[in-house]
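Right after this note come the structures.
What follows is a pair of complexes built around subunit A, which joins subunit B in one and subunit C in the other.
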Partner chain A sequence: MAHEFNLLSQILTVFPQNAVIICCVLGVIAVLMAATIILLYLKKRPKKEPGSVGFFGRIKNNVKEKCAAVKDVFKKKPKEEYAYAGPELTKGEKFRRGLKSQSGWLFVAPALILMAVFTFYPIIAALVNSFKQGYNSMTGSFNGWGFDNFVRVLKGDTGTGGADFVQCLINTLVLTFISVPLSTLLALLISVALNSIKRIQKAYQTILFLPYLTNALALGAVFATFFQIIGTANNTESVGIVNNVLGWFGVAPVDWVGLTSPHWEIGRLSIPWAKYIVTIIYEIWSGLPFKILILFSAMQSINKQYYDAAKVDGASRWTVLWKITAPMIMPQISYLLVTGIMGGMKQYSAVVGIFGVTMGQDYDMGTMVGYLYNYIELGQMGYAFAGSLILFIIIMIITWINNKVTKKRTTYR
Partner chain B sequence: MSFLSKKNGSAEATVGKWDLSAGDEGFDAEKAKKRDKVKHIIRNVFIYIFLTACAVLAFLPFYWMIISSVKTEMEFRESVPTFFPHTFQWKNYWMVFHQVTSKNSSSASFSQILINTLVVGILSTLLGLVIIVITAYAFARMKFKGKNMLFAIMLATMMIPGELFTASNYITVAKAGMTNSYTVLILPFLVSVYYIYLLRNNFMQIPESLYQAAKVDGLSDMGYLIKVMVPLTAPTLISITLLRFIGTWNSYIWPRLVNTAPWQMITNWVTGGFVDRKQPDGFSLYGGAYGLSESLNTLKMAAVCMVSLPLLILFIFCRKYIMRGVSKSGTKG
Partner chain C sequence: MKISIQHLTKIFPSRTKGDKAVHAVEDMNIEIPSGKLVGLLGPSGCGKSTTLFMLSGLESPTSGKIMFDDQDVTTLSAEKRGVGLVFQNYALYPHMTVEQNIRFPLDNMRIKKEEGNARALDAARLVQIEDLMARKPNELSGGQQQRVAIARALVKMPNVLLLDEPLSNLDARLRLQTREEIKRIQRTTGITTVFVTHDQEEAMSICDTMVVMKLGIVQQIGAPQDIYDDPNNLFVANFLGTPPINIFKGKISGGKVYIGGEAIGETKYEDRDVYVGIRPEGYIYHEDGAFTLQLDHIEVMGRDKSVVSTHEASTKPTVRSIIDSDVPLPRDATELKFNIKPNKLFLFDAETEERLR
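== the complex of A and B ==
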């Protein structure tokens, strides 16, 4: 056993060096959670009435309810009683009929077998194998259990020249939390505009929906050409459309996607802001169609009576927008934000499409999913498992928030 | 009238802001209408300008992709980009088709890749559809012990990101020796819990009485499923089929992990470099001005067109089903 199992000492060895980074990451997650909780509970918290049970009382009731629901599932239901008018059944006949009544299993069997191999088993395997130190996936050998994989993943000390997890995490968070709100806001503006016109609405809708059905890798390559500075063969040089446009305002050409792309260095991390901008523009472009589709159809389904009533009351267009339209489509907006963030945490192909398989220079544009695939390809399964578990935990937190939001949604209907 | 106008006149100072009375003549409906109309037109002009700008920006990458694919490389690299090609060089496409010269090269020819993609796409879509339909039917209509429990467990797996499975699945198929085959591309993604859930809900909306009637008429479960339920839920099934096929068409990471180039899919092919390769008969686009190590953007754009345009055409013909499916599921397959 090369590594002794000692969680505390391992955490302590990570902490001093990376305290700032880990605190930042945890801080972002904590702020996210806190903001959601505050938004969902405290803002609309009802005033305490004589008969109310209070905050903790409500939690208690909630738990009680959930327990009762779980108990219900396991409780044996009383058998349906019905008069059987036929002749007395033999034992064999009874067995045959009983078997026939369970024929549903035959229908679900193919799906069940496939899921057992490709869904249920991998969950357990990932949970177990991530704690095996020095795990060799082909021979199945490893040297002891422990948190070594997680520690090395967080420290960036994998010794394989692969991507750096903290870098990938920061990239993913920055890209997601900038591009998702921006594209949702833009989608909102477009849907409001789309909703207020009558002519050629369908044509605009179709064109705006086109980017949805695209291959991220193919269109990522197209976006890269917008920003690319390319060779000087035959004495010509293209600096890309974006640099051309910026040139009109006297801005010197920036190498947006290439090797000399500008970036800030913070410790062992690099913040390639120019590449961030390119990726965010792509994400907004590719994320808009779905958001417009959802928001626009939500606006179309708002009952016209509200608008008529507002007209009678002489409300201005602005008031109508903020007091009627916005609250009515709030559930969809929150749904889009949550699904957008969930999808953003799993982004990968856009980055590969723009920056190539190595995700920029030395993986400086790596995302969390890109990190997993990187280590699968390197054959370092232990790190891949550990990274995927960390990703899973982060996504679970967002799912949990999602559940809260969708519960809230029902109050508007 | 004069009485009214006098009153208006005295109140004008306070109501002046609203300008309800134009002069001393009382409320001028004509003028107000006109002003409203002007306001309406100005607002609409702004809205149309905004929407047109957005539509142009949304379409620009497609336009750029198409015109770049027929430009010459020299024109593409000009310092001032041209928005309409001087010369149309359709040979770019020809060159993309003829990228591979030797058979044991590390990259694959386009025809091979296209066959891979179509075979895998059609097989996985059809097989997946069969599994989804019968599983959804069992969950919607049949009674067996542990049904609800099983369904709850299956739904719970939806919360887990698929990336968690990839590493284990890779080990599984590598140990089973299934790499470099179509099987490995099809099997792991046959079951889609979300579509089972979607279809089950669709099935449950069909009234139970129909089932009883079919039973009385002597139809088996399977017969009822094929003759009654499938036709009734056809729109959902078409949406699922299209989205699944698009999903397979766009699959990238799994083929890259498990298969080598000749067994990969079209998206893997498009990420490769495309160069001005000298053909066996001595033909090359630029006579060796660009070396074999220099990936040419125009060729790449031609390849990108070949991957993207089928999707756009599919969208134009099946717009209704795709948009319905997308708004329901929010996934690309």
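== the complex of A and C ==
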């Protein structure tokens, strides 16, 4: 946990002063806007008459009116209908009306301000700063513009001993594209099983949902212990539970998570397959509860008549699952795939939980987000910015493909 | 295929303590001859759908037997019975095209592709939807969906075709058309067909045999006209016929049937309180008629007139009688006198509501 606090304090230190200024300006504008509009409402408030709707009533009516206007815009009604047709207005009245017509901004202001500060500004800042060579986040100095950061990130030539981007990218893609489909498939099968039992269904449901409520780092620590190898000292084997179980089948203990973990070397990259297995099992297992929850509730909403019809028509259980149940809950499955892959691309806590802050040996289990944190920690913001932009583009492309593929196979009921 | 239902009973156990178990069907005995169209008729909750689902194998009976020809199918599972079932909401798979929907039972039977295609096309032709094969169910009208559902049930050449409220989701005009269609398909294929409905008109118009049910108990079985002309009890008499039969409180005294103070007919039964049922077409207008009704108004329907009147002994607010439009009726009359056709007059015991026969 200390690690995470450390990160937070660093992020806060590098958060530049101009952001604070923008914050303040936006905040002041919003407050002024709000005050003016409220004052206008108050000033226009007539003496209480029978049938008057009051202050909040008028706000309500205004909202209604706005909603209707938006609806009409979508229906493409001609704009003339809204032209003012009353007696001529004084300048002040015109101004007031003009301001009032903009009061919709007031309602979106809180969200807009927060997003501006914490989403839009960082995106733009990252985009701009990623092109600054030798950027120093403390002083804001840099050597000039160019693609230097991107080149160095992709070549792995950062000269800091930090994580390797390509290694992290491959790790992330492998982990995501193996664990997400597998865990979705498994969740589908478990949901079908859960759906077909009548007794203690609720109890199973609760048990299956428990991992969802547990802290990711704690789970990672437990997994690391499961897969631990400590060694064979004095001919006494002292290994983790997984190695113990494998030992019953005559498999020699494997160092799943430690320094001597087996891996393949390909060029400057290493493929730590044993660590992959551990992480994939973790990802599948920890992803199950939410997926089961979604798929199970989707299945319960399928009309029972489809199953009756299938039964009369002699469909086997297998046919029912693949030809009826799965297509019927395709919207939910594609939702899980899309969000699962997006989440997978951003995974970090699992790897840190299992393999510690260095994400394995020399960051050989690093993920893309881990890469970013790593370089923020090293104070090399330029590489972090460049890496985050590449990550952004990759996620965008994958999500786009994902949508194309799943939309084709989805019939919404 | 001949179907015989013997002592069929279905009891749904109570869900919570204190609830009574529901006797959905009780001791049902029906023989359905091969190639006939049989309608199960009754108000909702009378067990007609439960009976149908027991025939299909989706529900298992609590006791009793179901025989297809000489084979006892009571414990046979749905897919082995070879029945085609059309659901009330059709239950077409929304993600499959019409063709895939119709082919679905064949695919499950592992029938070769060419043969399957040919059979699917035949079934589609029979219900006249062969132009819609590439569509998805949500692109079809209600009537078209209905036909797809029937085609899907027919494509596996079932021994028995079961229809659960097949017309209830259609509009009035389509309903007339489709019920003739069902009759035509049943005649062409010669498949023994059982269908469930709560609409007596529908049942009367297309059934060979009709089974009238109430609260899980069969009230009467027979040809529609026979049941109409000769109802077993007050419920059956009341349930069949549009406009419905008129029921009066009356009594038998000295071999005569009395409603109010008027003797409207003769009978051989001994003195007692009765319900007197008179079919709307059983009234003959006559200046010196035996039965007096207080005229409310007259509805002209072209072919005949519908006389709406009141009577203090009637169990319903109005009495409706159908008179031939040639018969001149006095205008501005407050009372009309009728003679009653003896064969349109039914007497029911006031306590048991059973017909006096």
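As a working rule, the second predicted complex is superposed on the first by the 274 of 413 C-alpha atoms of A that agree within 3 Å, B and C clash if a C-alpha of one lies under 4 Å from a C-alpha of the other, contacts with A are read in each partner's own complex, and residues count from 1 in each chain.
The rule is simple: a contact is a pair of C-beta atoms (placed from the backbone, for glycine too) under 8 Å apart; a residue touches a chain by one contact, two chains touch by 3 or more.
Here the structure is a predicted model, which is why all the values come from computation and not from measurement.
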Which superposed partner A:I266 touches (first subunit B, second subunit C, both, neither): neither
Partner with the higher number of touched subunit A residues, subunit C or subunit B: B
Partner chain in contact with A:C67 - subunit B first, subunit C second, else both or neither: neither
Which superposed partner A:N244 touches (first subunit B, second subunit C, both, neither): first
Which superposed partner A:A30 touches (first subunit B, second subunit C, both, neither): neither
Which of subunit B and subunit C A:G314 touches, first, second, both or neither: second
Residues of subunit A touching subunit C in the complex: 303, 305-306, 308-316, 319, 323-324, 327-328, 330, 411, 413
In the complex, subunit B residues that touch subunit A: 44, 47-48, 50-51, 54-55, 57-59, 61-62, 64-65, 68, 73-74, 76-81, 131-132, 134-135, 137-139, 142-145, 147-150, 152, 154, 157, 159-161, 163-172, 174-175, 187-188, 190-191, 193, 196, 221, 246, 249-250, 252-253, 257, 267, 270-271, 289-290, 294, 297, 300-301, 303-304, 307-308, 311-312, 314-315, 319, 322-323, 326-327, 330
Of subunit A, residues touching subunit B in the complex: 73, 101-105, 107-108, 110-112, 114-115, 117-123, 125-126, 129, 137-138, 189-190, 193-194, 196-197, 204, 206-219, 221-223, 225-226, 228, 230-231, 233-234, 236-239, 241, 244, 285, 288-290, 293-294, 297, 339, 346, 348-349, 352-353, 356-357, 369, 372-373, 376-377, 381, 384-385, 388-389, 391-392, 395-396, 399
Complex contacts: residues of subunit C adjacent to subunit A: 56-58, 77-80, 83-85, 87, 89, 91, 93-96, 104-105, 107-109, 136, 152, 156
